[in-house]
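Several structures are given next for inspection.
The same subunit A turns up in both complexes below, where it pairs with subunit B and then with subunit C.
The block that comes next holds the complex of A and B.
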């Protein structure tokens, strides 16, 4: 098999933590053509090496962390990483991405990806540089939060801030909290579906990748430069430059107005203090400093210091929209400075921000309604907006203390264990993951996406640049179940392609045409648009075949009672999704070419995508 | 100026700030050291999100770039900041430009263009042949090996600066020939330059060299650049 020469380093790094063994493995061209890279490449290793019946915390599970064919090239958004493993929340295949610089640095060190297998007897971290790879002792880092870990490793190895990218787990990951994530480069996170818990189960504290100096060879460097410029222009123009200039900092008030901001665990859709959280206001009020990733000119990501209120002087990162919402509207907390503190606390403890919000909000609602008592909550008065109690319960979860040990298993587990009325307050999906930080009763496409996604997070996105090539309904009525099913099914693969390129959505906007030009200019594979689209859909279907063997059934593809309940107020009060659910799912399955009873891709779907061998393996 | 390649994130934020277009994008931003005039605009703009633009004090002759290009730096030789000359602004007190004489200021380069001393030397040597007297309190004069020939020190010739000014004074009678020489030399020069003609106004307020300029095909833009009222004419008039 021919090793891939362009757009790739031609190899991946293998680390067996059980044996303490490190080796290189060649990457061939046929694999890239079939699985593209990033998420797709991770899925390839997962399905080949990890039996679907393996438990997420079994040493046989692998943890893939990798870049894509555009990684390390000067195209905005392409320094990100994708993590693939069997996730702790769904126990199925998962993929989750983080921005930052690790993807680029890794390729400059000469690797497309790192694949970790086995489990170490003692805590370790992996150090990759131009000069080689080492497994280093991490015993002194145990108990350190994700920011401290980043600082300590850079200090120990003698690297300056931008000279190394460190992604680590915090106490939550060490203690196998089911929604622990992997955090690095000052608060970027790959955090869905418990990938941090998988890392913890392997006793791997961190990945430390130096800024390598090897160039990634490409077939057409001039074209890559041009695509870089075009991508910047696209990002500047998309949505009137809102994301380019403001990141997600302006989303919260907009979301509230449209009825898709989650407020107090879906008990209302009104958040009167929304304007306090407007990005224009917050960035002007607090000290704010742009902190972009490699090759990116956008003002998406900022460092922030609180300048007023109870957390005056606290410095960390500016929360993303989902973080703002998780620690404000969702838990009835109305001070932006406090939100900055709590969002950073969650990052430092190393938990997924949305699940943390769902679980705290659930406790608060249950406490208010008397379903959970102060005693059950270890003496914490979980009233809406009680910051001291929130802080303590988050720590109890991260260290699995008292009731925190139950909550550490995630919303679904805790709610089902409690049962009764409390179960009806919880927001989750039947598979075990919970949604991103929105009220999806006002974003039907994303509710469907969250429920059917193979990854335990977002798998497709209705908002695509060049959406006509994905045959999106236009104009789109977001509350028309037929169009929702069509939008979700038709765009399947678009987000997956971005996750295989490992390109940040805030720069790519899933512009598949531009990505096609980019992958061809980088690799010389001369793929066609149809081939690329098919590759995106192929990876979705391969994950599904795997997950069906890992325990997924169609009846698990369902929102929890609260998740699909009728909004009690706000603009979407009279738009319940539940009555349309069955029809919507039937249509979605049909459009996807899946069997409604078994959930399995139909023979013609399997044939069209050229995955007969994989279907045979996971019969 | 230099960009630390281990820190730069290639966001391109600095690129439009460079007055001479010396910042080129490779895998990270790189500053073309020949083109860069060390003016510091990229760094002083504070636009770099990772603060990776570095200025290191340079040894002679490279340090000339800063002195001529960064308006916040003073010339060691003259003690005057910016391009390092007072021109006619203090003539009230200094009396540098006397009746019957014309001062010339040849401003080489501009932001966006820049110049090398090699180009300046072509002009200064041509002017010297007419016996002009170069202004002592001028940084270009300071770089001359010999004021009689207008020759600059060899080691400075390849240094590039944002702009630099040749200043000299000559009898009005020589102006016509000097203008012809300037026009000729201008063909050999790879930058732009403008010419200041500095004279004391006649008692009736008229401009003594207007006619000579008109005959040479030059339309002057006349302005009174003297800082009127800032000093008493202590200089002894026409002595």
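The block that comes next holds the complex of A and C.
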């Protein structure tokens, strides 16, 4: 098979931690045409090499960390990475992305991706540079948080801040917390579905990739430059330029107004202090410094130092919207400086911010209502907004101390173990993952997406720049179950394409037409729009076939009682989703071409997507 | 401290049988499209004729505020991608904007739509 020549380095790096073996493997053109790159490429290795019945912490599981066809090119948002593995929370296929610089640096070192298999007997980190690849001793890094690890590795290897990209696990990953993530480049994270726990199970502390010097060959360099400019203009214009200028820092009050801010574990939708968290106010009040990813001109990502309140002088990153919400409205905490501290603590311990927020909020509601006692919580008084108790319980989870050992298994496990009324307070899906930091009772399409997703987090999202080519309902009523099912089904594949390009959503905005031009200018594959869309849908269906064999059943595609409960106040209080759920799922399955009883793609769906071989393997 | 500014775009002259007085509160970054800072409080007082729909009201506002017009009606995907309407505390479906008519004392909130996070 012909090795891919353009838009790719033509090879991936393989690391077997059990044997301590490192080798290169060629990437062929047919693979890229079928799986595109990034998430798709990771899925290819997962389905070929990891038996679906393998447990997530088995050394046979692989950990894929990779770039895409646009990685290393001067197109904003394309220095990101995608992580693919069998995740700890669902024990199924996982895909989660992080921004930063590693995707670009890795390709400049000569690799599209790193695929780690096996498990090391002692702690290691992987060092990649122009000069080769080494497995380094990480024993001195054990117990260090993610920011400390980044600093220590750069110091040990003699690299300046932007000379190396380091992604690592913190104590949570080392201790196999089920919602541990992988963090790097000062707080960017690939954090969903316990990818950090998988890394911990392999005794792999970090990936350290130097800023390489090899150029990525492309078929049409002039066109790539033009697409880079167009992408910047798209980002500047989209949504009135708010993401470009403010990242997600302005979202929290907006979410509250529309009723999709999660407040005190879905017990209300009113958060009176919302305006204190407005990005304009916070960036003016605290010291804030833009810290962009490679080739990106936006002000999406900032470093921040708190200048007033109990955490005055604390420096870290500016929380993203989901982080702000997880450590403020969700836990009844009203001080922005404290939110900056807690959000960074979660990152440093190496945990996924949303699950951390859900589980702390669940403990608080259960404590306030008497479902969990102070004794059960190791002496902590988990009242709403009790910051000292929050800080301690987060550490207890990361180090699996006391009741933290139960909470470290995630919301679903802890709630089901406790049972009774406490179970009815917990927010999760039947598969074991929990939602992003929103109240999806005000965003029905994302509740559906979270529940049916095969990645362990949102897989589709309804926002696409080219709504006409995805046949999106217009205008759309976000509380109309038929339109919600249509939007979710029709746009399936759009987000997956971005994740295969490994392009930040806040620069791509799922502009499939521009992405088609980009992939063709980079690779010379001359794909058609239909081919690209089909590739996105193919990867979704391949993950589904894998997950069904791994134990997924349609009855697990259901929200927990609290997750789909009727809001008690706010603008969506008279809009319950539960009465429409069965009809919505029936229509969604039909539009997806899936069997309603088994969840399996129908023969005609399999044939249309050209995945008969994979369906046969996982029948 | 947020700056408060109240605009009387059409000063109501008391209750008239021919008009309904309504209040519009503009939220979050939509305020910039109404020539204000995001930290301002932006409240518009309007008088509308009987039978005026929410969509007609939005089009009237769009005539006065070009940035609002450009980003809502000027967007190729229409209003719903950018602006969400809350009438008396309840989100109104984009499919209902033409049908819902305004009544005396109605309070409308305009807030940006946002996906992802």
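Side notes on the structure shown:
Throughout what follows, the second predicted complex is superposed on the first by the 619 of 619 C-alpha atoms of A that agree within 3 Å, B and C clash if a C-alpha of one lies under 4 Å from a C-alpha of the other, contacts with A are read in each partner's own complex, and residues count from 1 in each chain.
Keep in mind that, in the parts below, contacts are C-beta pairs under 8 Å (C-beta built on N, C-alpha and C of every residue); 3 or more make two chains touch, one makes a residue touch a chain.
Just so it is clear, the model here is predicted, and its values are computed rather than measured.
Taken together in the superposed arrangement on subunit A, subunit B and subunit C fit without clashing.
Judged by the touch definition given at the top, the superposed model places A:162 against subunit B, while subunit C stays out of reach.
Between the C-alpha centres of subunit B and subunit C, as seen from that of subunit A in the superposed arrangement, lies an angle of 70 degrees, given as a multiple of 10. Using the contact criterion defined above for the overlaid structures, shared-chain residue A:410 touches neither subunit B nor subunit C, since it reaches no partner.
Ranked by how many residues of subunit A each touches, subunit B and subunit C are led by C.
Of the two partner chains placed around the shared chain by superposition, subunit B is the only one that A:215 touches, whereas subunit C remains out of contact. By the touch criterion defined above, A:289 lies against subunit B but remains apart from subunit C after alignment on the C-alpha atoms of chain A.
After overlaying the two complexes on the shared chain, residue contacts for A:357 are found with neither subunit B nor subunit C. Of the two partner chains placed by superposition, A:110 touches none, neither subunit B nor subunit C.
Per the superposed model, the minimal spacing between any CA atom of subunit B and any CA atom of subunit C is 23 Å. In the superposition on chain A, none of the residues of subunit A is touched both by subunit B in one structure and by subunit C in the other. Of all the residues in subunit A, the ones that touch subunit C in their complex are 239-240, 242, 246, 248, 250-251, 253-255, 257-259, 275, 278, 280-281, 320-322, 436-438, 442-443, 446, 458, 461-463, 467, 474-480, 505-506, 571-572, 574-575. Across the interface of their complex, subunit A is touched by residues 6-7, 9-13, 25, 27, 49-50, 52 of subunit B.
Interface residues of subunit A facing subunit B in the complex, by the touch rule stated above, are 74, 101, 160-163, 211, 215, 225, 232, 289-297.
Interface residues of subunit C facing subunit A in the complex, by the touch rule stated above, are 2, 27-29, 32-33, 37-39, 67, 71, 77-82, 84, 86, 89-91, 93-96, 109, 111-117.
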